[in-house]
Amino acid sequence: MTTTPQAVRRASPRTRRAVTPPDPARALLPSLEPVRMIDEQGNRLPERSDYPEPSADALRELYRRMVIGRRFDLQATTLTKQGRLAVYPSSRGQEACQVGAMLAVRPTDWVFPTYRESMALVSRDIDPVEVLTLLRGDWHCGYDPAARRTAPQCTPLATQTVHAAGVAYGEAYQGHDTVALAFIGDGATSEGDFHEGVNFAAVFKAPVVFFVQNNRYAISVPLSRQTAAPSLAYKGVGYGVPSEQVDGNDPVAVLAVLNRAVAHARAGNGPFLVEAHTYRMEPHTNADDASRYRDGAEVDAWRDRDPIARLAAYLRHLGVLDDGAEAGIAAEAEAYAADLRARMNVQPTVDPLSLFDHVFAEPTPQLVEQREQVRAELAADAEQAADERDAHERGAR
Amino acid sequence: MTTTPQAVRRASPRTRRAVTPPDPARALLPSLEPVRMIDEQGNRLPERSDYPEPSADALRELYRRMVIGRRFDLQATTLTKQGRLAVYPSSRGQEACQVGAMLAVRPTDWVFPTYRESMALVSRDIDPVEVLTLLRGDWHCGYDPAARRTAPQCTPLATQTVHAAGVAYGEAYQGHDTVALAFIGDGATSEGDFHEGVNFAAVFKAPVVFFVQNNRYAISVPLSRQTAAPSLAYKGVGYGVPSEQVDGNDPVAVLAVLNRAVAHARAGNGPFLVEAHTYRMEPHTNADDASRYRDGAEVDAWRDRDPIARLAAYLRHLGVLDDGAEAGIAAEAEAYAADLRARMNVQPTVDPLSLFDHVFAEPTPQLVEQREQVRAELAADAEQAADERDAHERGAR
Amino acid sequence: MAGTTMAKALNAALADAMAADERVVVFGEDVGQLGGVFRITDGLLARFGDQRCFDTPLAEAGIVGFAVGMAMSGLRPVVEMQFDAFAYPAFEQIASHVAKLRNRTRGALSVPIVIRVPYAGGIGGVEHHCDSSEAYYAHTPGLKVVTPATVEDAYSLLREAIADPDPVVFMEPKKLYFASDQVSLPVTAEPFGRAVVRRPGRDATLVAYGPSVPVALEAAEAAREEGWDLEVIDCRTIVPFDDETISASVRRTGRCVVIQEAQSFAGVGAEIAARVQERCFHSLHAPVLRVSGLDIPYPAPMLEHTHLPSVDRVLDAVARLQWDDQPDRRWLPALEGSAA
Amino acid sequence: MAGTTMAKALNAALADAMAADERVVVFGEDVGQLGGVFRITDGLLARFGDQRCFDTPLAEAGIVGFAVGMAMSGLRPVVEMQFDAFAYPAFEQIASHVAKLRNRTRGALSVPIVIRVPYAGGIGGVEHHCDSSEAYYAHTPGLKVVTPATVEDAYSLLREAIADPDPVVFMEPKKLYFASDQVSLPVTAEPFGRAVVRRPGRDATLVAYGPSVPVALEAAEAAREEGWDLEVIDCRTIVPFDDETISASVRRTGRCVVIQEAQSFAGVGAEIAARVQERCFHSLHAPVLRVSGLDIPYPAPMLEHTHLPSVDRVLDAVARLQWDDQPDRRWLPALEGSAA
């Protein structure tokens, strides 16, 4: 009874396909190797027709802001030691990404930063004192996100990617050509919200650039515990989203790739995913002890790929940077840090009753009641303090 | 001052790469077209060396179970009309997937079904009355999931994919060669839990087969609202998971591809993602009105690809099926349905106090108290009913 | 006249809000072509186009997060969670963003979205389709939590929710979707934060909301036969909460039973009981009692009647309100047990 | 002797449980090489290897769902959520699976996992790092919810949680991690479901748990100066709850204040207040009062002291317990306002 399959009548030849269909993945997959435009010594690599090099002026501005950004970052870490900041997550080593991204977008574009992006925000000309408000501890977000089109720095990982999709869609719906750029870390790509955010943007063709700074660690957890993929940029194809990977310590390449990604989104082609391979030179935050999970040799190897030195070398090759200009920018950065230092020395004042001001547009009766209780407590405390002062003064008399 | 980038010294030739590196995506991406082994008329298509054809015996068993499965499915829908089931989500049209998957795994493998997989479960020889317990309404899961190595049918979409990863990892950790097969629908791939489930499996190389039945709809929502990807199988590469797409109405191909996927996982190579392109012939459930969102012509087109007719034709070509055998299987299916009908006609009894039995291994004092209250109510009700009966009898006397 | 169902009133509220304000957009799972599994969004796609009413990918965190983003761009999204338990994947977006964004930004950003949640049971639904999840939201500062019990309120509260400058979790009692009433729409009822006395009474106050309001009314009717004249109050909005109306009633009646369908422990009913005894202690002749769902996962259909607060259970509670001024014997064994 | 910190006791409990039972595995974010951001898993990777203690991808639903699957395979996972608010992405897995799996399967499958959640504030943490989320879990039937306030309990309750056949959400008060005490480990304290009188007193009962227990004790100490002798009870486990110990105390003292750090509305404190007045009504000389966090999102560090229940606020509440048997004037305006 049992016959082997081979005995079977074959399908007629016309049902066979002679030609291989085009591979739909090709247009979506990243380059096989991260895009690089200058090498570690700042030498120019062969041009790529797909990524036009940014103008020398743009690169010079990129350099200037990276220098200031790094100085800002250093100052912020110092402020933690002085107790002026509760905590600070440094992005030293990621300057090409932090600043490059901000030069790729327009002031009218929306930016969705994480806690790591303080440097990016100051590069967007947001007042550094406002940027540090969260970490200073007097309120959750210091700048006006609506006016600056910059969401509050986001801590719940990956949640901001969905907001970026929503803003981008909402802006397009209202006829604006706004792009949303969402920062995200390598670790956070493992969260379900990343999946949902990229997918919503893709399905609704929302103009979002998802910018993954793959700095190799999520606190202590190495990339190998986040993914078994060839690289994170390979996630795009699964959403139908064109993707690229770039050497995140090559400022020229970062800006070039992001320029194209932003243009792609702005032109109505939907989202674009960029993965930048970079490295977090500092611990996760000043409170972290990175020696517990990585060794100095690894960090040293990345020191050789420093994005600022690299860009400086290239700009000198280009002839748009010389000792004088470099010193001028360094001085500007010092002045920036000095101003920040001075302004952070002033202890902010906070009104406890403001706690009730923004829970809702109008407080509920329950909040009014609680506010009244706190007000009474404060009044009683003040009265008691005054009494004690009086008593003390009477005693002193 | 400004120089064009072209003026720059080029990187030395040795830093350039002469050879293109191998594409890491190639081994992970699915075939460009869904794998097919027989055409719509049951004719054999050219053999593929990557997917050995299942034995004729296996295919005959596949056919038998598909016929019984369809009859079961029809009976279940009928039971909803008779009020014996609250609701039933039919998988008619998806028989190749439902049954093929169950033939690809061993009894010791774990299966993670959704609400759609009743047919799969009966194909795994789980008592159909137990399978329908949830929909009948007397408890949430009718079979013993530990004994049957079959999780309760899962309603919160995509959540089961993570459990599958956990079970697979846990079994491997304990030295067993168990594979976990997780069913999931096209719509549910949009959930964050799908992302996390596949990623956990990939990072921990857990032996899981993720089996996406892409039946083109999530209730009323068409595939185009779930993804902009070339197809769902393109999601695998983003996790480093090899993936395949298959014609889900070609039972030979479904079994062949799943056999390979299961073997891949069992051999310790980590997870495998399979997308089957199929179609839900019935509404989402009996309570759904599919005419609101799709037209009859679309359904008719899929009728021509009926997996059972297709396999029957092929088996006849193979010479392992003839009129007599077909009639025998049909009779077996009828007997199966008649038995089910009869047993579902018995109204199940449920003890209200059992509500407290399995919240915890030992009820909390709070539950003991609530149980006591319910017990007292039931006793009072019974007493009152007895009184009324007595009164009635006295009145009748 | 056949009357208007709650489902129809909700549908009309959405349509009228969309007609009145271009910024209102409706999206979620199956809300477009299908009109929602309960048909609450029926006809909106046809009338307003697929820019204003559309289906999304199947992902609730995505839906809510997308709404947050759209609100940031100036729109007023109204999203549907298909069933109560299927809003849980969005919990982080709701608790950490929707509820907090105004506060985090000192009011610079607001989230005027409405999250519609068909909730609670009594419809013979299978597991995960009958959860009473209102307490999760009510316990989260920054969310308004609203639940209509009447057709009129369904329309009026939903319009108010959409117009509200803050996020509203709008809990729709599934089992009342097809209850109908003679109401001509549009209609404006009492605003957020006002409870309503649905039935005046002198002897005790029943406090209920959403699906429990009809149970309370039925119990009050049945109690008449036992000689009790019960007042029934419908909270309507859980956040904000109307202490005044409820306290005034309990001070008058001296007795109170709170009814909720949700599991008892740390539910909204506990909050109401705690508030009432805080505010009305010296007027109370008996403890504030609660009639709630059992502290078990929502049961399968054949047992849901054992789980749900029933008229009988409400009457039992009323009977325990110490009409003879005797302490509740139920707790006495506990007293003895712990005397050691 | 320097004493043992709560962090060290938790670490020891994990190590001892892993040594005692091969099925116990520990995983989560940064629990491996780093030993956890609070170092609670310090040394476990080195001692037990990366099969027993390991880092996972950064995804909380994944972590909890993976634990569910591992439990199905016979293991006993202990997972760490890095901070309170970062457990929210796992809410669906917790509410719809962890809490329900035993019940759904009539006991055929159980989920003997422990979900460790460092929670609450008082450490100057930034947003999303200080939520008191215990009520979300306590309101979900099928979860045990445990929270130690002492070093001894940290060890003993965590061991019991790991040994428990059911899922336990183990809430660790961050601000007490580095509080220390003279305890020699291993130690076995009272089991789940037993509250403990931390300080006996005659005039009123303070009920607290987790981070609020030290506040209650400090308040009781301060109250002595005002002439009040306060009893302090530590609930220890929220689910199961010890009605007996608490009711017995309140029946004796006749007055009760419940303290919780979480926002007030529909919190565990509401449940305790509701239960106490249900059970002790005739012994109460005053309503059961609550001292809770404010109903606001957890504030920035510089304002957290205004939010948190303080000794002063507890004393204020005690002062309002109608020692002169006069009704609480606070609610009188409300009474008048609603008289119309």
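The first chain written gets the first letter, and so on, giving A, B, C and D; residue counts start at 1 in each chain.
Basically, contacts are C-beta pairs under 8 Å (C-beta built on N, C-alpha and C of every residue); 3 or more make two chains touch, one makes a residue touch a chain.
Every value quoted in this text rests on a predicted model; they were computed, and no experiment measured them.
Undergrad: Quick one: which chain's Cα centre is the longest way from chain C's?
TA: A
Undergrad: Between A-C and B-C, name the chain pair that shares the greater number of C-beta pairs in contact.
TA: Looking at contacts between chains, A-C has the larger number.
Undergrad: How many Å are there between the centre of chain A and the centre of chain C, using C-alpha atoms for each centre?
TA: Comparing mean C-alpha positions, chain C is 40 Å from chain A.
Undergrad: So the centre of each chain is just the mean of its C-alpha atoms; given that, what is the distance between chain A and chain D in Å?
TA: 35
Undergrad: Roughly how many whole angstrom separate the Cα centroids of chain C and chain D?
TA: Using C-alpha averages as centres, the distance is 28 Å.
Undergrad: What residues in chain D touch two or more of the other chains?
TA: Residue numbers touching two or more other chains: 56-57, 59, 61-62, 85, 88-89, 92, 96, 100, 103-104, 127-128, 141-142, 239, 241, 243-244, 265, 294-297.
Undergrad: Give me the residue numbers in chain A that touch at least two other chains, ranges are fine.
TA: 139-140, 156, 190-193, 195-196, 199, 203, 225-227, 359, 364, 366
Undergrad: Which chain D residues qualify as touching chain B in the complex?
TA: Touch list, chain D to chain B: 25, 51, 56-57, 59, 61-62, 64-75, 89, 92-93, 96-97, 100-110, 141-142, 144, 165-166, 193, 239-244.
Undergrad: In their complex, what parts of chain B are in touch with chain A?
TA: Residues in contact with chain A: 1-5, 7-12, 15-17, 20-21, 23-25, 28-29, 32-33, 38-39, 43-46, 53, 56-57, 190-196, 199, 202-203, 205, 224-230, 234-241, 270, 314, 317-320.
Undergrad: Would you tell me which residues of chain A are touching chain D in their complex?
TA: 86-87, 134-135, 137-140, 155-157, 187-188, 190-193, 218-221, 225-227, 292-293, 348, 350, 352, 354-356, 359, 364, 366-367, 370, 374, 377
Undergrad: Mind pulling up the chain B residues that touch chain D in the complex?
TA: 110, 139-141, 144-147, 151-152, 156, 159, 161-171, 173-174, 180, 192-193, 195-197, 199-200, 203, 357-361, 364-366
Undergrad: Please name which positions on chain C make contact with chain D in the complex.
TA: Touch residues, chain C against chain D: 61, 85, 88-89, 91-92, 95-96, 99-100, 103-104, 127-128, 131, 135-136, 138-142, 239, 241, 243-245, 247-248, 251, 262-263, 265-271, 273-274, 277-282, 284, 286-290, 294-297, 327-328, 331, 334-335, 337-339.
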